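Look for chain A in each of the two complexes below; its partner is chain B in the first and chain C in the second.
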Partner chain A sequence: MTTLIFLSLLGFLVLFIGAFDYKKLILPTVIIGLIVAFFLNAMDWELTATSFYGMIDYNHYAVSFTGLMIVSVLLLMLVASYHFRNEGSHIADIYALMIFTLIGGLLMTSFSNLVMLFIGIEILSIALYILAGSRRLNIASNEASLKYFLMGAFASGFLLFGITLIFGVTNSFNLAEISDFVADTEELPTLFSTGVMLILIGFAFKIGAVPFHFWTPDVYQGAPTFITAFMATVVKTAGIAAFYRLFDSCFSGIDGTWFKILWIICVATILLGNITAVMQNESKRMLAWSSVSHAGYLLIPILALNELSSSAIFYYSAAYSIASITAFAVLIGLSKFQNDLPLDQYKGLAKNNPIMTTALVVSMFSLAGIPPLAGFFGKYFVFLTAMQSGLIYVVVIAIIGSLIGIYYYFKPLIYAFNNEGGSLEKIETNFAFNFVLMAGIVLSLLLGIFPDILRNLPG
Partner chain B sequence: MLTIAFYILSALTISSALMVLFSKSPIYSVLWLVICFFSITGHYILLDAHFLAIVNLIVYAGAIMVLFLYVIMLMNLNKESEPQKPVWLKFASVITGCLLMIVLAGALKGYSELPPAAITEDFGTAKGVGKVLFTEFLMPFEVASILFITAMVGAVILAKKHVND
Partner chain C sequence: MENITQFTGALTINHYLFLSSVLFSIGVMGVLLRRNFIIIFMCVELMLNAVNILLAAFSRYNGNQSGQVFVFFIMVVAAAEVAVGLAILVMIFRNIRTTDINALKNLKW
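Right, the complex of A and B next:
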């Protein structure tokens, strides 16, 4: 709970520092504030109590996911200090919006009432619509923002409609009461299943699963690269955490109504995401499609819904977030604010930029799922979860998907080690940027070699 | 008496909502939408939700509709600039919309077996809403302030003239 209050105050503080134009103070404040927030969050580990009339249930699951999101935002802020090194005055506003987004994510992982879920999702989304359009004079950024806003508002409408129907049937927004209703009622009314389906659609949109993925490539490409990284990691983690929390606590007893549809969504997401990513020649679009396919892998534990699910989702999100942040950081290092980043711009990277190349190799290997990196164990735990629930076909399709994935994750590497057309100059970086790359490499290796440090956290 | 009022209001709501869709000019659409919101306000009154009715009237029929009109006038929408959608897209949207309607109608059909919830003495009045808002729903009420500050900061980011523009 203290984390929520602290983050709100931090957001306001950053806004004030920006308003009084103390530019040098902004980044240190944000970094120190996020580190403090991380420890405040960790101190709530033993709390596990519902508070505020059962609005929030800050259990181990919520604490671990919030911790993961704070670490991701922290790494992204360090990248941002490099990304925005020449940028103008509104950095403080962008940092503040990112901190508010974190509050939305926190509510989405700790809600125990559908009203809190909706407010959390809206805080997250509204901040993102603006962040996607934060390069105001760039037409692609404007398009990304507007597209995301229109589609996102529509998806929120579906979610809200679903929540309304569920309230209409159960007369409660409270997760515990809804799950009691599901357990006590022998034949659930059709209206209830309709509500569940509408909520499912809303969530599938927010995490970018097929067939609600149409916004992903355009929005990911048009938004500033640093915001794209933010959307691919923190937002996806929050969305999937909320998805699992709701379906595990309320709708697990009625899997007959949503299981088949989620099965199709899951399989289609993995296949379409991976196959389309192969055909991309643009780095951000490729990473966007790869993030679509990873949403598919993250849906598998929700489909399986057994006692291994929460740890599998948590470990996979952690591995995926760290690898993605590293990959996007390399991309930010290479790019000079342009939207179009063709894959061959990696050409000749290896010779003069050892740290960036290592980071690129580690992140791509981790995303592809090659041992001993974290991404491999992420996939392994997800498949283990699925096998325990007997989802053999899903596992087979997911393995085919990852085999396709290996092909396109190797493309940037092949370019990076190709020196034919002359090699790239050494790219000027700063300490924070190199720190993120090193942290990404070390964390991916560390999580891969000792997967148990994180795996059993959410419990 | 109440049933007759309900049917009249419902007919008004549905027909004005349809007129929103079928009006050629966006300004007429907005005006029909105002009527639609007015008749929904009537529904709230029939349901004893007086506070919600007034809020709906002030916020939706008042503030938001004025905003709508301003936006339409500022964007200078007319027939020539209206985007033409392909025919298959229109077909697809009609089919999906009808499917959703069938599902909802089917779900609502014969939906009277569940008992209606008991309502309290001060249900729907400003007093009752306030009481719920500041006890049970205090947390979402307070957190919504973050939502609004986010939207305001965002509006400033998008609208402000920056030094290096």
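Right, the complex of A and C next:
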């Protein structure tokens, strides 16, 4: 709970440091601030009461997801410091906006009132619209920003309409009261299921699930690479966490149409994401489609909704975030500022850049789900959850999807070890960048070998 | 004035539901069909305001003020969104000199 206040103050502090042009202070402030926020968050572990007049319920689930998001943002900030090493004009604004986005994500994981869910989503989204367009003079970045803005506002409309219908039926925005209403009512009115459906559509837009995924590849390709990494990890984690929290606490008792629709969305997301990723020749687009498919895997525990779901979602998001951040960091190292990053630019990477190559191999193996890396156990726990609820067809389709996935995750590796036509020169890196790569490698291995460290946290 | 009060008293919640659904649908169709940024933008606002009408109506119907408070939250968020959205529009207009969304075709599949 103090984390929320502390992070808001940190955001403003960073803005002021930027305004008064103390360039050297920005990065240390952000990093120390985020580390302090991480520990403040960990101190709330024992806190179980609701805070802010019942608007926020800071339970173990919220604390674990907040911790994960803070770590992801910290790693991304280090990558950003490498990305912006030569130009420093707007760096403080970008850091501050990233912190504000994190606050939105924090609200999305800990809300216990639908008002807070909406406010959280909007805080997260509005900051992101600006971040996606942070390269003002680049048309692709502008276009990404506009598309993300229109789609985001459109999705918010659906979400709000759903929230309103649910308010009309249950006469409350509070999650506990809504779930009481659901438990007490024999036959729920049509308005209620319409509301659930509209909320489902709103969330599907936000996390980029098929058939509401069409903005994802465009936005991911156009936005600056580290913002893409940010959207693919922190934002997706927050979206899925909010999705699960809402459906687990309110709508788990009602069976019916939303389950069938989510089933179709989930299967379609896995298949379409993986199949389209195979056809991509551009690295950022490939990673974007792969993130669409990962959203599909993350939907499986929400579909299953049993006692294993929350830990499966948490572990999968952690594994996926770490692997994605590493993969995007390698991409940032390779590229300067261009938007078109064809897959063959990995060509000959292996010879002179050992750390980057190892990071690439580990992250791609983890995303593909090859043991003993974290991604494998993420998929394993997700499938286990699904099996417990008897969703055998979903598991079969998801396994087919991940088999397709192995093919396109290996493409960059094949290029990296291909030395025909000369190998790449050594890429100049700095400490922060190498630290992120090492952290990505170590965490992916550690989580894969000892999955129980994180698995039981949200409980 | 008295006629108006009598008339509004005869309106049931279903009327409001119908009105706001229609407004919301007009907004959705506008976003999907129109090709001008600013019109799309207005349609998004129409969607949000349809929700506002419904929230206020439900709030009155249920005798629960929290719905009306939520309307203010939505207005604040919509204003923030407008600020950012217009800034994005200006930024794009400076670069491509048009408000036609079909001009943005750099990123495709």
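Going forward, the second predicted complex is superposed on the first by the 458 of 459 C-alpha atoms of A that agree within 3 Å, B and C clash if a C-alpha of one lies under 4 Å from a C-alpha of the other, contacts with A are read in each partner's own complex, and residues count from 1 in each chain.
Throughout what follows, a residue touches a chain if its C-beta (ideal position, glycine included) is under 8 Å from a C-beta of that chain, and two chains touch if they have at least 3 such contacts.
A quick note: this is a predicted structure, and the numbers were derived from the prediction, not measured.
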After the overlay on chain A, what do you see for chain B versus chain C, clash or fit? clash
Based on the superposed arrangement, let me know which partner A:Val115 touches: chain B (first), chain C (second), both, or neither? both
For A:Leu97, is the partner it touches chain B (first), chain C (second), both, or none of the two (neither)? first
Chain B versus chain C as contact partner of A:Gln221, first or second or both or neither: second
Considering only touches as defined above, state whether A:Pro189 meets chain B (first), chain C (second), both or neither. first
Examine A:Leu137 and indicate which partner it touches, taking first as chain B and second as chain C; both and neither are also allowed. both
Applying the touch criterion given at the start, work out whether A:Leu107 contacts chain B, chain C, both or neither, answering first, second, both or neither. first
Once the structures are superposed on A, label A:Asn171 by its partner contacts, choosing first (chain B), second (chain C), both or neither. both
If you stack the two complexes on chain A, which partner ends up touching A:Ile126: first (chain B), second (chain C), both, or neither? both
Which chain A residues come up in both lists, the one for chain B and the one for chain C? 115, 119, 122, 126, 129-130, 133, 136-137, 165, 171, 191
Provide the residue numbers of chain A that touch chain B in the complex, in ascending order. 4, 8, 11-12, 15, 52-53, 55-56, 88-90, 93-94, 96-97, 100, 103-104, 107, 113, 115-116, 119, 122-123, 126-127, 129-130, 133-134, 136-137, 165, 169, 171, 189-191, 193-194
Where on chain C does chain A make contact in their complex? 13, 17, 24, 27-28, 31, 37, 40-41, 44, 47-48, 50-51, 54-55, 58, 61-62, 64, 66-67, 69-70, 73-74, 77, 80-81, 84-85, 87-89, 91-92, 95-96, 101, 104, 106-109
Contact set on chain A toward chain C in their complex: 115, 118-119, 122, 126, 129-130, 133, 136-137, 139-140, 142-147, 149-150, 153-154, 156-157, 160-161, 164-165, 167-168, 171-173, 191, 217-218, 221-222
Residues on chain B engaged by chain A in the complex (per definition of touch): 103-104, 106-108, 111, 113-114, 117, 135-140, 143-144, 146-147, 149-151, 153-154, 156-158, 160, 162-165
